[in-house]
Amino acid sequence: AEKPASLSIALLGDLTGPYASVVGPMAPGAEDAVQYVNEELGGIDGVKLKLHVRDCTGKAALGLQQYAELIGSTPKPLFFGVPHTPTAEALREKIIRDDVIGFFPGSVPDLYPQGNSYSFYALYAEQSAVFIRWLRANWKEKRNPRVAIITWDQAYGRAMLTPEFFDYCKKMKVDIVAQELFGVRDLDLTTHMVRIRSKNPDWVIANNTGSGPLAILRAAKELGMKIKFANNVGGDWGTIRLDPELFEDSISVMHMASFDNTDHPGIKKVFSYLKKNKRGIKEQTAFYVLGWQYVLMIHKTVSDAVAKVGWDKLNTAAIKSEMNNLTNWEPLDGVVKITYTDKVRHSHWLRIYKIKGGKLVPPGGKLGGSEFVEAPDLTPLKFR
Amino acid sequence: MVREVVDILAVNQIEVFYHNVIQVLKGVSLEVREKQIVSLLGANGAGKTTTLKAISGLLKAEAGMVTDGDIVFMDKRIDRDLAHKIAKMGIIQVLEGRPVFQHLTAEENLRMGFIGSGGEKDIQKHLELVYGLFPRLRSLKNRTSGFLSGGEQQMMVIGRALLSSPKVMLLDEPSLGLAPLLIQGIFKIIKQINEERKTALLLVEQNALAALEIADYCYVMENGRVVMDGPADQLKENEDIKEFYLGLSKVGSRKSYKDVKHYKRRKRWLS
Amino acid sequence: MLTMQFLVTGILTGGIYALVAVSIVLIYKATRIFNFAVGEMLALGGYFCYSFVVWGGLPLWISLPGALVMAVIVGALVERLVLRPLLSQPLLTIIMATLALSVLLKGIMLMVWTGYDVGFPKNLLPGKTVLVGMIAMSHELLWAFGITLVAFAGLAYFFMKTRTGLKMRGVSEDHELSMACGVNIVTIFAVTWMLAAVMGTLAGFLMGYRLALAPSYTPLLALKAFPAVIFGGLESIPGALIGGLLIGVIEGLVGGLIDPNLGEVSAYILLLLVLIFKPEGLFGLKRIERV
Amino acid sequence: MTAEDQTKLKVEDLNLSFGSVQALMDVSFEVNGDEILALIGPNGAGKTSLLNCVSGFYHAQRGRVSFEGHDISRFSPSKRAKLGISRTFQNIELYTGLTALDNLMAARHVYIKYGPVAGSFFFGKARREEVENRKVVEEIIDLLEMEEVRYRVVESLPYGLRKRVDMGRALALHPKLLLLDEPMAGMNVEEKEDMARFILDIHELWKIPIIIVEHDMGVVMDICHRVVVLDFGLKLAEGTPAEIKQNEKVIQAYLGKE
Amino acid sequence: MWRPCGTFDDTYEKDISIVRTPAQWSITVAGLAVLAVLPLFASGYFMTTVNLIAISIISAQGLGILTGLTGQISLGQGAFMGVGAYTLMMLMNYLGFSFWLALPCAMVSAGIIGLIFGLPSLRIKGFYLAMATLSAQFIIPWVITNVRPDLTGGTSTINIQYPSLFGLDLSKQSSMYYVIIFFTIAILYLTRNLARSKIGRAFVAIRDNDLAAEIMGLEVFRYKLLSFTICSMYAGLAGSLWVLWVGAVNVDSFTLHESIWFLGMIIVGGLGSIPGVCFGVIFIRVLELFVQQISPPIAALFPDAIGAAIKSGLSPFTFGLVILLFLIYEPRGLAHRWEIVKHFYRRWPFSY
């Protein structure tokens, strides 16, 4: 059979604009990974990957136009990676309709991945649940632990607030005592924190990134509050480095190995590319690794599919069946761990960290090791 | 062209376009000599205001441009200069329709006219001079100027121009909308300014009778051209001027507005 | 007790809003231009300061004045390159230009400082949270408030005592007439833009110091200033101060006592009411209507 | 009742003040039949303010304005316009962005009945009404000799022509009472003659009363039937032009010695 | 007003009709024909862009009426589009309204909301008014996200169930195109008529001199409100089409940013001109795409580290710069250029 000259894949998202600091690093990540696949792994069966990156700058309309452009180009990209944001949400239906594989933020409950689409990592509610489980496992006192939630008032921030999550907390005997939402551009969270203080929580949890957690912690510090703070993937390197001192002892739940773990062969590999392509410290975030994850996933599933059906029969269905067969797949020697099935399109594997001296280390205690753990399944009811 | 030394302001054959397409002045020349009052007459739309604005540099703010000819002030060419520079040199235009800084008080309006570099004392001195000429302004000085009546505004506007002790004042229809008594007053003051302060004046007026009375020299404009000029006394005797600008019938007596014919004799120089 | 805390925080935060508000007011007063680029200009100022501190390793007392100098230069450049060529053009065209300018500045910020958040090192401003009873007053906010007051005092002096102040007021009413009065409106514009840039930079620094800087959200601070400006009246400098504080307080109280989500919206709802009953804001100029 | 003894406009004890400025003080007068009434007085005497009170732009603190026997003191300006009071403005308040023709058409507003929907489709009734009113406007254009400038945007017209458009607009309203605020200011004698002729023509054709505020005594004396003199808010005198000319007080306050 | 040489009107009826000469008729017919067959040749990408432009034109025409004709600055057009969009979505998704029923409802609801935010125009003008409308941009999204998030989806995206219209598959851009372009042409036609009708003259009169307008018998406030209503009804229509176009609705699509740029479009196009508004929309929308397209290759010319920085900043930088330069060299907007071209054509073959 005839091999194609190259294999087109696409990355489309708000690389600049309001979500830049979150999703921006995914593009360099994917670029570096494509370089790795093409140069070190010799492409897929000798066929090079060709990555098309488009920036929608936070505008859904522009995203739609660019999607139309990419889907209409020949050869049609087989994969669409769309990091986060309303743009992604708007494109979702279209991508599911068109015969391509979508790699999506499925972590927002309403956007649970369907059809040909797959999610980046565990749902945000599940990430929080991993923390709750850890908290409960290590809780010494008689009374229930009291937890306050403070998070951004937009789709991403609210994504953890699902009924399944609250049920889970109840089941685990953890009391949610406060729930505060704040705006992305709020200068001052003292007001929110004062309200939280009056509820006297043991822990404060958030689903935020960038300046969000920073504003929370700073307000607490100003009020002289001593709070214990936990965050989801947003609490990764990119955020912590803004003010490491402030984050000391915080907990963070993530889907990947930490950048601190420089002995890790996978992290080493990633670092060699960060260095080679002169990426800065700002790229060292979860989304950079997500870029790698995306490309390596393509490499793996397309390779497997080609091995099975050959290039001429390669189609979305063939790739999809490979995607659904990914079980405990650990690319880059376990920087991430993925399991997708026919029914569950988000991977449950997560790790829990504590921030110590600006580094992410295992928090210790029960369930606090350095292994991936499987999150409780909080898939929204209607998608089960 | 031989220019006499006493000219302080000379406009030589200027052409002016608005928005690069509408030609308004088609070669206008005029001269203002030291201590002289020169008046510029002409029908509506003849281009009188445009001529003044060309001199004072304000055309540029209205997308107008002097495309040909030049304007010379005290042996310096000024048609390329910006308005505030020209004002600093000593040419101040009193705009048509007495525009005021509405929200400022009368005195603040006057102060806006002060250009020199002197301090508060200097300003006070000038203010006193103006209040001397227009005593009524003193009592109005703290009133918001937007609410003043037409005549009061006109006094203020002339006073404002005086605050910068100009060498040449370009007055655009100072008598517009003023009561007869005030018109007499304004013209008296214009004469007074001219005599006491030695300010040269270029005066655009529709009130030809009064203008010719105080002017030394006079130009008549039609359709963007100067069609007639001469010493004021001489022009007063001209038949056409008499009929069209002074409203005198052939016999010399004023004719009544009631008797205007539907089809009148039109100006000779028209077209 | 809680109420007091919300009130105090509101007032202190309002100080920063007031700085942005006055930056808008200054330009509007002199030129009738509503500067849509105010957010980007203040972010740029913040970034200048950040660069001096972080890249240059300079102490704050050099960095902040340094940033102000840079801001003055930017203000002058904006005036020279954008506004002057547009001088006799319709007002809306110029306002559009400030809109384009905001996009352009955002581009520059993205190129130089990238789209990622950057933060100032902490402890630039000495002191720590002041606690009066249970009421906490962050020293950062106290500093911000102090800086705001000083800046406003300076401006007040400028407008009351200097002739340039009067000229600015005149220019704002009628450009042509001002020119006829021998006012170099171009200089006035330049001074205005520089002053506005200075005020913006102070706000940008304070905002950046409290939170972080990013081209995407730092400029949004301007949105807090819009209602403040209208409350106070577009032409009034004391109005900007009071408007800023008022917005801070409203946000603080409504957000704290009722629902934090209502904070920002409540300011706008109140704004609507004010506009209906006091159309020129609390301190703005009454329009003179005569025929 | 003959036209002569019919009172068109009646102004009674009008008082108007702006803060400390008393612009009008107990001013009363009448306009009868189809006379041309001149309103004169020094600058700031309150002439424009008086016209404003009649046309509804200012509301007097005290006093009554009645038109054709009805008290209109509380009416909004637009309502008075509909009753047939129309005016020109001292500082020419035209719709600067419209052509001269559209300025006049805009004044026909009160006579055009179709609504926004019909306007959007521009069929039938809308089109018919447009054409009818266009004819009326064309007559006025004809009368004022503005054919040349019909399609010019008024912003670019010279002062004198703008005054004429202003007059045309007032006429397009087909008023029952016409108020002219300094219609001849800024014109040379020839143009004043034209304007005077227009005013007389209108008066003759439409037989409507006209109030003219004017500073040119020549015009006032020649074309007006009666004169009311205001001085700083007070009515100083009233009478025929000949009487006013001789009135000592008026000479002192206003006319000056020739 | 200039017509081609040698064309004269013998009746007023003729003088006030839009399409006058045979040449104009043939251009109109040819233009419509091109629009009708466009999807047969163009790519999906092109059609997507055309659709966006056409939708934006509708909304911008509305703002053109309000700001360009009536002189009331509005910064709430985006929010009013949002009102239309959400109304349509809710009526169709939850109440099963047909598109033809939901659409007028969406327009009316947007119109009413616009009317409410126009109320302050009774007493305020200029930028004060702009700020009053700006508050729409905060209050409306707040209502959408907070009042009934179970219906509106709060901050997240809700998909629309595509209606079937004449058997067209509306998820396809090329079919969507016919629906959108139909409304766009209709709106252009109606706007053109409105502008030259009594209403349009009243609007301009208010813009140019509201005091005189009142004295000349115009109920100024009523017309201002009418203008606000029409403007936001257009926005409602545009918002409804937008939902169909994207297939989903999210508050983030109707931001202040969008509103300000609608204002930008009509200014670039030339205030008060209907073709100008169209040009402005096309100019901005195409420029937006263009700078997106050219910046990656340009960034690639630079060394890696600088290139990365440039990549993120280049497109806004270029976008801002082009508009600035445009304003400096063509401050009166595209409509002005268009007039010059038309003027030239009409005088042809006689030059000045």
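We call the chains A, B, C, D and E, going by the order they appear; numbering starts again at 1 in every chain.
As a working rule, a contact is a pair of C-beta atoms (placed from the backbone, for glycine too) under 8 Å apart; a residue touches a chain by one contact, two chains touch by 3 or more.
As the structure is a computational prediction, the values presented were derived from the model and not from experiment.
Common neighbours of chain A and chain C, listed by label, are E. Here the largest set of C-beta contact pairs joins the chains C-E. Chain centres computed from CA atoms place B at the largest separation from chain E. Taking the mean of the C-alpha atoms as each chain's centre, chain B and chain C sit 43 Å apart. Between chain A and chain B, the centres computed from C-alpha atoms are 75 Å apart.
Chain B and chain D have CA centres that are 29 Å apart. Remark: chain A and chain E have CA centroids separated by 38 Å (rounded to whole angstrom). Counting partners per residue, chain A has 15-16, 20, 24, 58, 153 as the residues that reach two or more other chains.
Within chain B, the positions touching two or more other chains are listed as 147. Chain contacts: chain C has residues 110, 114-115, 223, 261, 264, 291 touching two or more partner chains. Chain pairs that touch one another, listed by label: A-C, A-E, B-C, B-D, C-D, C-E, D-E.
Considering their complex, residues 43-45, 47-49, 52, 145, 153-159, 171, 173, 245-248, 250, 252-253, 288-289, 292, 296, 304-305, 308, 312-313, 315-316 of chain E touch chain A.
Taken together, the chain A residues at the contact with chain C in this complex read 15-21, 24, 58, 153, 180-188, 190-192, 194-195, 198, 210-211, 214-215, 218, 221-224, 238, 242-243, 245-246, 280, 282.
Per the touch definition, chain C reaches chain D in the complex via residues 291.
The touching residues of chain C, when paired with chain B in their complex, are 87-88, 163, 166-167, 169-170, 173-186, 285, 288, 290. On chain B, the positions that touch chain D within their shared complex are 18, 22, 41-46, 96-97, 147-152, 154, 173, 176-184, 206, 208, 244-247, 254, 256-258, 260, 262, 264, 267.
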